[in-house]
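Across the two complexes that follow, chain A remains constant while its partner is chain B and subsequently chain C.
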Partner chain A sequence: MQNGIHFISSSLDPRVKLIVSMSFLLLISTIHDALILFLSFIAVLCAWLLAKLPIKTVSYFFKSIALLFAFMFISSTVFSRIAPKERLTYIEIIPAVIPLIGGSGIYAEILLASITFSFRTLSLVSMALLVSLTTEPSRMVSALRKLRCPYELTIMVIITIRFIPLAIEQWKKLAAVANVRGIETSGIIGRIKSIKRLFTPLIIHSIRRSMQLAYSLDARGFRATKNPTTMENLQLGSRDYLMLVFSVLLIALSIVVLLEVFSIQNISVELMKLVV
Partner chain B sequence: MGENGSGKTTLALILAGVLKPKQGDIIIDGKPIGSYKRKQAIRKIGVLFQNPDDNILTTKVSNEILYAPWIQKLDEGEKKRLLNENLALMNLKGYDNKGIFKISYGERERVAIASLLVSQPNILIFDEPTTGQDYKHKQDFIKLAQKLNETHTLITISHDLEFLSAISHRVLLLEKGKITETHINKNMAQNNSRQFPKENMQPSLMEN
Partner chain C sequence: MTMETEQEKGFFKRFATFDLVVIAIFVGVWYGVQQIWFIGLAAIPAPLSWVVSVIVYELLAMTLVLLAATIIRKRGTVFLIFFLHGLLEVVLFPNIFSVIGLVSDIIPGALIEAFFYITGGYPNNSLKAGIGACVRAIVFYPFQLLLLTVTYPEYVAFVEFFFGVPYGVFIVLNVIVGVIFGFIAGIIGYRIGLKVKEAI
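== the complex of A and B ==
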């Protein structure tokens, strides 16, 4: 694969991976506590370690994830508002010493809320990335078909995912071409400016490439039969059953959290009150 | 010339200032290429990429050729002059309003060269320009390259010994990013078996 993305043949069944990630999604969307969401993110990181992906791939994706985190965290801390149930704790960042402009600060509760929000999204994104990086597209197609997804739809989804690294590669080529035609593509300002110039050619080349793809799909008899056979027949192994039990546990835990059998939602709030 | 993956295209991109070298500098007209702004650098050196389709940024021949002047905000008269001059030079008269994907492979390559020539660079780098061309178009391209060679410095990446023997004054052999052999030989095609490793040669139907 190009662009440092490698599909490793992982031993888990892709269906199981999908089910586990769905139940994980369910669990973390029921939890509203920053500390527990942070722990769940650590759990996803452990899964990344277990996957033994090449360091280059991991660092590439984590750089982007870190950027996403920084963007979400800052924007939600600075711009979000919550209706105060009680008095909010104000943390002053810029002291109000300048006349007319005054100072600036944030509320501790909003800070906590944005930490919660960011860690939830982070766990979700890194989990989804892990699943897609460790599963070969053809195995994912078989898995989705076993889960009764329509064949055409499955292929469409997989091609869309497969198209992203190709588009990145095309972008790099176009940036080099634009560079020899006098467009600055290095540096932050150059990069931002070049987006405007390169967007149209990227679309043109993508459309051309997708047309070629359509021809090659036709040449291989896509949709010639209603029920095409697959390369391999997926079968669940003992590990898969173990992971299914694990996902049942995750679902059970999220139901427990939803029904508020015991309170785990306020640990961070209590901790914050101790600190501030 | 050199094997696939020996670093020919990378070297070309470094020479053109698209990639930054880890060590050393590329000096053109007494200044490192990195110190020029891109708008100035394209007046010094131009690169034709291997696949003509990858060289394309627009959908119309005239827009494609006038891309660099458009970026440099030249006036309309100057643009028109450059367009007509380069269309004539590349044997593309009457092509200015054609769609770029409607013309043939060889024509697209000539459009790509014209789009470099409008910036009037002194040095041109061609990355495997004869790949995928039939015999007639290759002969045409050799003539074109010879013509360009009179006014420009040509740096060509190629596996095509016929092409290289027709236009090159000096041939460098690249292996794993290092220059391993240098030949100053105009008629290298005749005595290539003695000088060049077999694996770097293009298989020929005429060989036996």
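== the complex of A and C ==
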């Protein structure tokens, strides 16, 4: 458990997960059609279901995702940069018979652009979250090592990830101690004042931990050999290769969309015209 | 304290185990405290939360960076802290925005490092530490805010509506706030660093 998040270990190699997610991101960045982006989001949702994450974790993150979608949608709709000459279809939301606010509505093109943008961001965030939640940080670090990242750097990443929740916990403990002593640490002013009071002991504590950890690492032969062995050796399996082929297909599809070989950009526009 | 072997080569050779651990733990503190702060900021109205977040971010980040630089005093320390911070975001949250974040972390880190070496090595007074910390704000905010115009174009109109100023002015304001508080944070970090160095 890290930062209140449960990581589950999936059978896919973390390197493959990274490649698949990046290919997917490339694809959704090239598509400008709301319907296809919606289908992409459904595909990510299916991947979430397959991941069999705990319900509590899923609901926690989907509440955040829903808020993000609402924010993106409203801000995109209100602040849309579509030129007035491109706004063609007006949808009346409040009937004209109502005084003062009657006749208010929105242009279909703006609505479509907002939906497109929101689904693109939503797919992107959901995919990234899924990769994060289904990969233990230690496996991600092993992947970095396999990708020829320096050994020292991978150890530093592991230490940092391990120390984030500890730093949060330590900060909360120090704030609790300050509160017990009658020092205010909530509210804007209290928080600003608390920085000085809490920061110094936090740093001293961190330095002490650093010294202990450095001794401990040295005692265990850190940097004693050029190629240290690892507890878990990442090996690509048949499923990994299958997913790599899938990634290649996604990248190929992105190139096809970029080159506009298929005119799939305007499906939603055509559908909206039919509806309106 | 640390084990130096003949097999160590390259960039990391100059760092003892303690140095690497201090950098890693400080980045963990940076990330952890930042999370606590930004959760609290969500309840504040947008323009105010922007000011507070820039101030807190600069104070926290640059204090820790200059603190580590003062303790370790080895070439590449500042760069490594920024690089590790960016890399951590990519590892914890792999997406295109975190990759952009990694790039926007590396450039100021390298420039601060270059500044120290042009002016004669790592800071030996608080003024130099303060000015070094300002470099980050000058590079980081324009770079990241200009990238946002590509990744999230609606942000421009959003900012102009909430703050009532053109986007260019908003970038300049960010830089000014960043420079002022980066300077203060650099001095604070250097002074705490000296005390900690004496203590250890």
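Just so we're on the same page, the second predicted complex is superposed on the first by the 174 of 276 C-alpha atoms of A that agree within 3 Å, B and C clash if a C-alpha of one lies under 4 Å from a C-alpha of the other, contacts with A are read in each partner's own complex, and residues count from 1 in each chain.
As a convention for this text, a contact is a pair of C-beta atoms (placed from the backbone, for glycine too) under 8 Å apart; a residue touches a chain by one contact, two chains touch by 3 or more.
Quantities reported herein were computed from a predicted structural model and do not represent experimental measurements.
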{"item": "Chain A residues touched by each partner, larger count belonging to chain B or chain C", "value": "C"}
{"item": "Chain B versus chain C as contact partner of A:F222, first or second or both or neither", "value": "second"}
{"item": "Touching partner for A:I207 - first (chain B), second (chain C), both, neither", "value": "second"}
{"item": "First, second, both or neither for A:V177, with chain B first and chain C second", "value": "first"}
{"item": "Touching partner for A:V141 - first (chain B), second (chain C), both, neither", "value": "second"}
{"item": "Overlap of the chain B and chain C footprints on chain A, listed as residue numbers", "value": "200, 204"}
{"item": "Residue ranges of chain C in contact with chain A within the complex", "value": "1-3, 5, 7-8, 10-12, 15-18, 20-29, 31-33, 35-37, 40, 44, 52, 56, 59-60, 63, 67, 71, 84, 87-88, 91-98, 152-154, 156-158, 161, 192, 196, 199-200"}
{"item": "Touching residues on chain A, where the partner in the complex is chain C", "value": "3, 18, 21-22, 25, 29, 75-76, 78-81, 117, 121, 124-125, 127-129, 131-132, 137, 140-141, 144, 150, 152-153, 155-157, 159-168, 171-172, 188, 191, 195, 199-200, 202-204, 206-207, 209-211, 213-215, 217-218, 221-226"}
{"item": "Touch list for chain A against partner chain B, complex", "value": "173-174, 176-185, 197-198, 200-201, 204-205, 208"}
{"item": "Partner chain A, residues of chain B touching it in the complex", "value": "13, 16-18, 37-39, 41-42, 45-47, 49, 53-59, 67-68, 71-72, 101, 115-116, 119"}
